[in-house]
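Just passing along the structure, written as structure tokens.
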Amino acid sequence: MSDLLRVAELNAAYAAAIDADRLEDWPDFFVDDCVYKITSAENHKRGYGAGVMYADSHAMLRDRVTALRSANVYERQSYRHIVGLPVIGAAGTDGIPAETPFLVARIMRDGRTDLFATGAYLDRIREEAGRLRFVERIVVCDSSHFDTLLAIPL
Amino acid sequence: MSDLLRVAELNAAYAAAIDADRLEDWPDFFVDDCVYKITSAENHKRGYGAGVMYADSHAMLRDRVTALRSANVYERQSYRHIVGLPVIGAAGTDGIPAETPFLVARIMRDGRTDLFATGAYLDRIREEAGRLRFVERIVVCDSSHFDTLLAIPL
Amino acid sequence: MSDLLRVAELNAAYAAAIDADRLEDWPDFFVDDCVYKITSAENHKRGYGAGVMYADSHAMLRDRVTALRSANVYERQSYRHIVGLPVIGAAGTDGIPAETPFLVARIMRDGRTDLFATGAYLDRIREEAGRLRFVERIVVCDSSHFDTLLAIPL
């Protein structure tokens, strides 16, 4: 299978896990020594490191899920990711680079649905323990205005 | 071609037929002895069978199209499906299982566009008479609040 | 690689260039002697030629980019294309025909995000100078109501 298809397949499984509220599966899409970051296009362009959320290990991603489960806020709404096809770069020693557009709709308890976020995933991907995993996933949101509580992983 | 690509191709053709108002082509995406159901995530989770719409044969799907054509309500707006890539399960005797996210935008006559529905297709797919067809398509909408008249197939 | 995948890859690169504001790369997705047109579903159905925007050469596309850069209006907001999978027709002497659904979200400076446009690309595509390029791209928007200034290529 081509890298394009394999990465597309990875993205589809990633989105399905989050949208079905299988958050405990989410950290396993990453290698142990990973970087996961949510930031805005403007911050990313200016080279600001911080962003809205930052994790640099598999353990931190698991902690994030535990926090979400105990906070319980995520139950009030659900989300739906629509993920486009990736643009794949040349594979290097640090994995396959990929850039993939996404849109996330948010469905409120009262039925209203809105556009929660749009943006692009900037990824480096590597095969480990038999499947593709994210070495780095930078979630660059188009909007600089975030909900104060980002209830779910993007 | 991989199952992933073949199912993605099927979904693309399915969405194109509906959005181009070729509703008469819609039943042929299903085998004769099919199940087609529209339900909400909440009802689906609780195991409620009913849902918003239910058909268990190709003939019922054709009847549905006839009803839509005579009701004529579908002309007041148009729809646009954006369908993600499927997550494919292991093929069994009852076909290939697939789960695919979707988003449908509705375009009103006055030009306003809104998010009409988001959700996931839960499918079982089989090759019959030379092409892939749906044995079962359960349309699980994220929102529990539907327009009273679901004008089109999802 | 199948035509389906190659066209999907072309569409992904096309959308990424526009959304990353690499407008200068946009004309190179077309052959020299191309047709690019933005129109509405209603006008397209009735066979009206005109539409919202029309270009019939690579040079006209470049001029369009120059005009956008000098007008500078495009900086006030950003856009995000989500492009579905194409339905590919039988390749003829005039290239591969493809029909592809799209959705474009618009992100305002104040952070609000709305559905800017939905529709379908009606394309004829040909390999030239080592990569696929559009011989013809007709952008058929579902809505007949456009912003008076279409700031970006669709």
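As written, the chains take the letters A, B and C, and residue 1 is the first residue of each chain.
We adopt the following convention: a residue touches a chain if its C-beta (ideal position, glycine included) is under 8 Å from a C-beta of that chain, and two chains touch if they have at least 3 such contacts.
Model, not experiment: these values are computed from the prediction.
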Counting shared numbers against all numbers at the contact of chain A and chain B, is it over half, same, or under half, different?
different
Chain A and chain C share one sequence, so how far apart are they rotationally when you fit their Cα atoms? Give it in degrees, rounded to a multiple of 5.
120
Quick one: chain A and chain B, Cα centre-to-centre, how many Å?
27
For chain A, which residues are shared contacts with two or more other chains?
5, 82, 85, 103, 115
Considering the complex alone, what residue numbers of chain C touch chain A?
1, 5, 8-9, 11-13, 15-16, 19, 78, 80-83, 85, 103, 105, 107, 110-115
Quick one: in the complex, what on chain A touches chain C?
2, 4-5, 41, 82, 84-87, 99, 101-103, 115, 117-120, 142-145
